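Below are two complexes that have chain A in common, paired first with chain B and then with chain C.
Then we have the complex of A and B:
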């Protein structure tokens, strides 16, 4: 749940990067941390990574400037993708305002994407959030591997399989090269702020 | 595609999956190569190739085994702990509007048990959070399979003044259910946790007159030594219930479950008598017009004649 501090005119929202293990959620945050230095409002914290697996979560605070007189702050989180860390995913989702679902474009990960989306749906339901109502964007990651000749799923196919019913914005991206990492973040922030504006009516108070 | 090109492409693919940590996918690709090599005739260095693939497969299994092994929650830095503490928002129903409870729960759920227990222990002083804090302390110990430590804490509360009788009974039931659920109950089979909580009374219910009010001396706090008189709102034999308004916080904080008042005065319409009283319960009223006030229960242990 976003925090609106009316006195300081500050809005703080929580964005969660969700997706199967190894789909590139942490890489997204690392790219933002390295390349959006003006917006980064604190240290990036990666708790308990075992090798390059995220077992807990990553956290990155951002300051995104002012909109209609309000300071917009976002806290970016990732969830651990591995199946066995379901309770941690549920915990990280608490109070979420917007979600980036990072899907792996590799053909061999097709089923894992679908299972992870189902898992997210169930976890959201558990905490009383309707997947159709929460701001959500899809990111089809690892598109850079196409140039190296690896078998990837086409954008249209991924969008059809994952986004057919939800019909939310979706982006081809490469978190490793940074392609569309910013676009994805802007996409989710736009939806989240529109949603919060409806909820708080903050922009009209000015 | 020619055989050697096909093998090269599969090797590249398997290595990519391995480098991305997609171990199952890498394994499947190596197995596909094994089948392809075995089923193809006239392969140059066939045995050497199969041996190399077999080594790769073994290494993958080893890596997978390592990844599946139990990983203990890490020790976290101050910054990391701060980030964890913010995971659960304070408006989450579990946190009951308390940022401190939200932080403690976040720590507990991420396996930071020592820090969580420390925070829950601080919350034991807050009436509205005490019961949940106590249950969570038990939960933290049990998650670490420290049944004896959990039991030790429950026993401490059974004889101490921190929790009311109802609360301690609730925590004890929670502890028992938890150890049973996790199959740890065998570890406590020799421990008698059905310990009597209240001292026995020497008087029978029918021997006690209707009491209007009682007077006793406070044992602690800023008003230590002061005599207070409270009206009885309900009496069931030797059990007397009194209401203490929330504004009289100093008084309620001076009285704890388990306190024993010697020389208590009991005022009945027919007589005044003295005796010993035992504080058997102290709870916050959670609903109705008296919500927020306290209900204090004293058990008469003896009457001096």
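Then we have the complex of A and C:
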């Protein structure tokens, strides 16, 4: 749930990058932080959680307009996948407004993707969020590895397995080279802002 | 003057700091833990923590420790802050790092002793029931998810149905309802299936062979029945016969196990009179389909025999190495009637067919054979008079 800060007329929303360990969540955020310097506000916070890192920074999406005259500020997070990081995961997911699920395209990680999606579904349910209602996009990452001869899952198969029931936007990407990183981010920002527009509209019409 | 107060069980310290941070608040958060005789304080300037105290700790170390005060009362007092700035980290960095330390066990959580007590008593409960687990489910086969809270009945033995579930998380007891009581047989955990392979043999509703009750909150995946039924119907008649015979064994073993648990069982109670042992070497991988007559699978115990199940025409006896029920020839003996006739099963083609099945269908079959072996083990435990310890079996 986005927070309206009346003092500085700002709506703050939360975008979380979720996915199995080493699927490229932090690489996505590092690329954004390094390449979208005009939109990044403040330094990137990086917490070393075993096997993964938890990242956070503020992001000011440009060109997406205002809601009720308020500026939009997004907080971008990655969430640690490991079971033990329950407290961090809960804090990061609480009040989430949009999710990018970063799936690993490597064939050998197929099961890890499904497990992580199930885990996300459960963790959202615990805090009262319906996976079918929250703005969500899928990113099938590491497509660049195909050129190096690694066996990858075809886009259609990944979409069938992960996105068959949810039917949300999905993108092939390579976070390492930056391919479709921006596209994924603007995809989730658009969905999130549309959703917020609806929420604020609804609140005003009550 | 207090501007905000409450308990950290409702809104955690991380969220509280974010809330006050977003509001650019200046003042002091005062924390009182019911387990300690000293308070904690966090000082904020423009929403950012600048100092903290918790007993002998100051600054960052103090604020980190306060993240372990999970049931403390808090109040925020809006006031000017003139203390030394000992904390230089940003608000979110403090929150995320402290939570990481909580999860890594670097910050003590209050009250420690109480939590441990609860954990110990939970783990000792019903420790004589064997647990059956399974491998990770292939999500292609899961068409929906359902939740059952602890104590809720998932399946009733007296009802009909063919729904097939897999346990995604939690534990559920398989309970056989007998005329003189309810008998817990086994406990199913993550990856185990609820539903009988027998339901594929007659599409439509089949009477359930046991009641299944959630022991903890259970999350179930509803399996794609049509997909599984399609795979079953594509099997050769011989493989279908093998599966039908396994289902028959499981139902009989479950009934015998329930009787033994209710009334006890003695090895002197059964004698295979008028039957002769069916010779099969221990190292022989061979299985037979019964063409005529009767076979009884027994376990020899010092003073006599324990009857496991009775088999008849079309049932299967023998040893299929990749579908091990832990019965004959290693752990049980087959006795047959004088008119017993059989034909050998071509295990090479059965194995080839098995190898070509989907992993999920293989898992369903393995779940059945594991259930046979686990239930047989529980039956023997009643004879030994022991409780059998806490056994886990993964298929």
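Things worth noting here:
As a convention for this text, the second predicted complex is superposed on the first by the 170 of 206 C-alpha atoms of A that agree within 3 Å, B and C clash if a C-alpha of one lies under 4 Å from a C-alpha of the other, contacts with A are read in each partner's own complex, and residues count from 1 in each chain.
Here is the rule we use: a contact is a pair of C-beta atoms (placed from the backbone, for glycine too) under 8 Å apart; a residue touches a chain by one contact, two chains touch by 3 or more.
Predicted, not measured: the structure shown is a model, and the values here were computed from it.
Of the two partner chains placed around the shared chain by superposition, neither chain B nor chain C is touched by A:41. In the superposition on chain A, A:118 contacts chain C only, with no contact to chain B. When both complexes are overlaid on chain A, the residue A:5 reaches chain C alone and has no touch with chain B.
In the superposed model, A:161 lies in contact with chain C only, and not with chain B.
In the superposition on chain A, A:87 makes contact with both chain B and chain C.
Look at A:109: by the touch rule set out above, it reaches chain B but stays clear of chain C. The intersection of chain A residues touching chain B with those touching chain C, taken from the two complexes, comprises 43, 45, 47-48, 50, 56, 87-88, 91, 94. Touching chain A in their complex are the following residues of chain B: 9, 12-13, 16-17, 20-22, 25, 28, 67, 71, 73-74, 76, 79-80, 83-84, 86-89, 91-92, 106, 109-110.
The part of chain C that touches chain A in the complex is made up of residues 12, 14-15, 22-24, 90, 92-93, 95-97, 99-100, 102-104, 136, 138-140, 145, 168-169, 219.
Of all the residues in chain A, the ones that touch chain C in their complex are 3, 5, 7, 12, 42-43, 45, 47-50, 54, 56, 80, 84-88, 90-91, 94, 111, 114-115, 117-118, 121-122, 161.
Residues 1, 21-22, 43, 45, 47-48, 50-53, 55-57, 59, 75, 87-88, 91-92, 94-95, 106, 108-109, 145, 148-151 of chain A touch chain B in their complex.
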